[in-house]
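The same chain A turns up in both complexes below, where it pairs with chain B and then with chain C.
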Partner chain A sequence: MLRKNTINEFVKILAKPRSYIGIAALTLLVSIILFAMKADGKMYISFVTASFEQTLSFNGHILNGNLIAFIVLQMLIVHIPLLVALVTGDLLSGEAAMGTLRMLLTKPITRTQVVLSKMIAAATYTFILVLWMGFLAVFVGRWVFGTGDLIVLNSDGLVILPDADILWRYGLAFFVAYLALLTIATLSICLSAFADNSIGPIVSTMAIIILFTIIGSLDVSVFDHIKPYLFTTHMASWRSFFNDPVPWSAIWESIWILIVHNILFIGLAIFQFNRKDITS
Partner chain B sequence: MNDDPILSVQHLKKTFGNFTAVKDVSFTVNKGDIFGFLGPNGAGKSTTMRCMLSLIKPDAGQIQIFGKDLFKERVSIMSGIGSIVEKPDFYKYLSALQNLKIFARISGADVSEKQLYEQLEFVGLAGREKDKVAGFSHGMKQRLGIAQTLLHQPELIVLDEPTTGLDPQGIIEVRELILRLKNEQQKTVILSSHQLAEIELVANRMVIINRGEGVVEGDVAQLMNQQETALHLELSENASGAAALITANFPEVKLKISSPKTLEVNIEKYYIPSLNAKLVAEGFEIMALEPKRKLEDFFIQMTQSNA
Partner chain C sequence: MKLRSIFFFITLSAFVLNAQDPNLVLKEVRLKLEKVADYSAQVHIHANIPMIKIDDVNAKVYYKQPNLFKVESKGIAILPKQGMGDLTSFLTNEKGYTCALNGTKMIGSVKTQVISVLPLTESTDLILVKLWIDPIKDVIMKAQVTSKTNGTLDIDYFYTDQVKYGLPSKLVFTIDVKKFKLPKSVAADLHQTKKKPTNTKEAQDGKITLEFSNYQVNKGLSTQFFKQKQ
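Up next, the complex of A and B:
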């Protein structure tokens, strides 16, 4: 029954116009970034490298597909949670608001199976979004701008990564970014289990992300103990793959924290949904 | 019909915060019944229905369906039930056929595409299979809802106020569909309504609930045709004279003078013609003689007191 209802969830997601907003928005945003970089990328790069030009001499093709992919990932990873929550936050509560939850739950399927099938569908949808972003950023970026060494500016200074040493980093970076977005998906479904309207869980998900991000960025000692455990702290962990050497222990810690959050949100969603009276 | 219980609800209770929606409801539905579940708005019908379909967990009481405990063997029980709760809601962005496919997939039975078309034809939606549900009228959704309940050939069909919001023609169509379910497919149907007349037209057994409590349960024909009838008698004058005449000739009759011109008489149905003849023979002018079935009267009072 889990498999059959998961197929149903895919059918519903595919038929809903809002499911394509994310794909369309990503395509548009990446296209805008690519266009802007093509038109004025050299000035943008010289602005970034200006402070280093007294001590370093930059030769070669700096504005390449690898750098474009990094810029795209950096810019969009902040906005994609909204695109994910727009679809996943609606999965349970949208059915309650529409009245179809009543119909669904009078069928021979357990509530746990209903939640899990929606989780699987949400995870797949999120994966497709990330895959599409990866395709646009890395492959279209490389096709339009060509390849070359990647110069990344991080807190320790400039990191130069040779072209041959980059693709695996993107692969893993997108995996960690996916895990972070999956946390957003499970959080929004969890909130969706508590609500009977579509918009509440979507707005609440974004509010939680904003709140946690603000807490994470506040330099106040009172929050120091909780910051490492906020999932938002680990949403930018994908960047660590562009350090040299790669800080594996920090990355593993982020992966575990994100996985624990996912399990927690799924568990809470199942618990709440199983005890919920369907009065809508 | 037989006395083989297919559903048994015993001492059901459900509260929401401080509000008790269902205090104590018990009834039994037998195999082959069209069972009317009657009560005024707010009586607790929908809450009871939702408990029966495991959408709401009751605070107390037992529900047995097909001889099994609902909350222990929910999944296997649900594969034998088709239901519409309150109103049928569908995925508006999908067609009628796609909606049925969605529900068929999780119905617990293998339903072929041919069967889906047959069900749509059975409920009069042939030719509208590919149309999006967003464009359907309430009556069409109701019929699609009934098609959805029949997909997996369930033994028991639960319909919560299936005629609400329908126009007179739609009400007749749904009523005919319910009768066809019983006559052509031998289904057991539980039908809730707040209209006694609607239940009377299709159901063979019923329970009346009010303020969360079961009030009357039994055979519809028997309940509706109780021998003792409340008779409203209006005369041109002298109600007390008529009362004296009735008491003298029908000593077992109970009556009440409600105004100088009107009497309320409790009389067995077959005495009514002779009572009428006696009054006319003695020169009383009868302006109105209105028999009221006690159950109907009782239900109207109940509805009014809830309003």
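Up next, the complex of A and C:
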């Protein structure tokens, strides 16, 4: 029954026009970035390497598909949570708002299974979104710009990774990015369990992300103990795969924290939905 | 009296001959460098620069008189901005500089003549070039290039089979990395929670080692070749 209901939930997601906004927005944004980089990508590179270029010259195919994929991922990962929350934020509350919740619960399925089926459908949608972004960024990027070594600027300086050592990093980076976006999906469904209107959980999800991101970026010692436990702190962990050596322990820490958040949000959503009064 | 004059003349001649004219020393080096109209060579680049992490890279370099230089590399290759073809082109233009002898110095077992070379035009980026020259083989053993934009760059030269052309088999560049700064908006790790301890004795010098092999000298590289994109 869970499987059947999950398929139903996924069909419902596909039937909503807003589900395609994310795919369309991603396609448009990546196309714009590709066009901008093709037209004036050297400016971006010189911005990154400016202080080094007084003394050093960087030779070779720097503006390549690997760099473009990194830029795309870096630019869009900030905005994709909105696209995810837009669809997943009303999965439960939307039913309540439209009055279809009672009908849904007349089926021979437990409330827990209803929440889980919606979670699985949301996870599948998020996966498709990440997969599409990965395809556009890595494969289309490499097709348009060719391949080459990847030059990455992080807080320690420049890291130049050989072309042959990059694809696995993208694979794992997209996995961690997916886990981060899944946290957004479960958070929004969790908030959705508390609400009876569609827009509330979507806006609340974004407000929480903005709040946590600001706390994470404030260089104030009061927040130092909180920061490591905020899921937003670990949303950029995908970047760590482009360090050399890869800080595996930090990445595992991020993965565990994101998984714990997911379990927490799912648990809270199940708890709340089981207590939810649907008769009034 | 006649004997005394002869002795004085011989002493003076010996003194004059021993204190070499820096222009003559530099001229010999220049003549050697001018034998090379063009060259290509395989180069293995090892960069050990603070704030930059890069694996060793194999590339191919091309040079043509007076100042054409090109690098072909499959990967990203980092080279010093100065001290490659530009130093040769600067030294081959004898009207562009004046020089002075600063004594001698031993580099390994080689007694070198230390010559300071000052550009005559203000428009050039170079401020001072200090050269340690082996007067027997007429090659540069060490150079110190001070420029307006890049600060000071030290270059150590090592020679094997191409010494007859003054082409090194190995170059070690020591660069000043104090000027390197990361653009904060890009480098700042928004999600970094652990502050890194600031090391005051952090290395300020970076080294780039170039090992040359398979020199192809005077094979007639065309100017057009240097304009082609890789």
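Descriptive notes on the structure:
Following the convention adopted for this analysis, the second predicted complex is superposed on the first by the 278 of 280 C-alpha atoms of A that agree within 3 Å, B and C clash if a C-alpha of one lies under 4 Å from a C-alpha of the other, contacts with A are read in each partner's own complex, and residues count from 1 in each chain.
Keep this in mind: a contact is a pair of C-beta atoms (placed from the backbone, for glycine too) under 8 Å apart; a residue touches a chain by one contact, two chains touch by 3 or more.
In this text the structure is predicted, and so the values were computed from the model without any measurement.
In the superposition on chain A, A:L91 makes contact with neither chain B nor chain C.
Applying the stated contact rule after C-alpha superposition, one finds that A:V30 touches neither chain B nor chain C. Of the two partners chain B and chain C, more chain A residues are in touch with C.
In the superposition on chain A, contact of A:T279 is made with chain B only, not with chain C. Once the two complexes are laid over each other on the shared chain, residue contacts for A:D163 go to chain C alone; chain B is not touched. Contact with neither chain B nor chain C is seen for A:V140 once the two complexes are overlaid on the shared chain.
Of the two partner chains, chain B is the only one touched by A:K16; chain C is not. When the two complexes are overlaid on their common chain A, residue A:L105 makes contact with chain B while staying clear of chain C. Once the two complexes are overlaid on the shared chain, A:N8 sits against chain B while remaining clear of chain C.
In the superposition on the C-alpha atoms of chain A, no part of chain A is touched by chain B in one complex and by chain C in the other. Of all residues in chain B, those touching chain A in their complex are 16, 50, 53-57, 74-79, 81, 83-94, 98, 101-103, 105-108, 148. By the touch criterion given at the top, residues 47-48, 50-62, 148-149, 151, 153-160, 162-163, 213, 216-217, 224, 227-228, 232-237, 239, 244 of chain A touch chain C in their complex. Considering their complex, residues 1, 4-5, 7-8, 11-12, 15-17, 98-100, 102-110, 275, 277-279 of chain A touch chain B. Of all residues in chain C, those touching chain A in their complex are 49-55, 59, 71, 73-81, 149-151, 153, 175-177, 179-183, 186-193, 196, 230.
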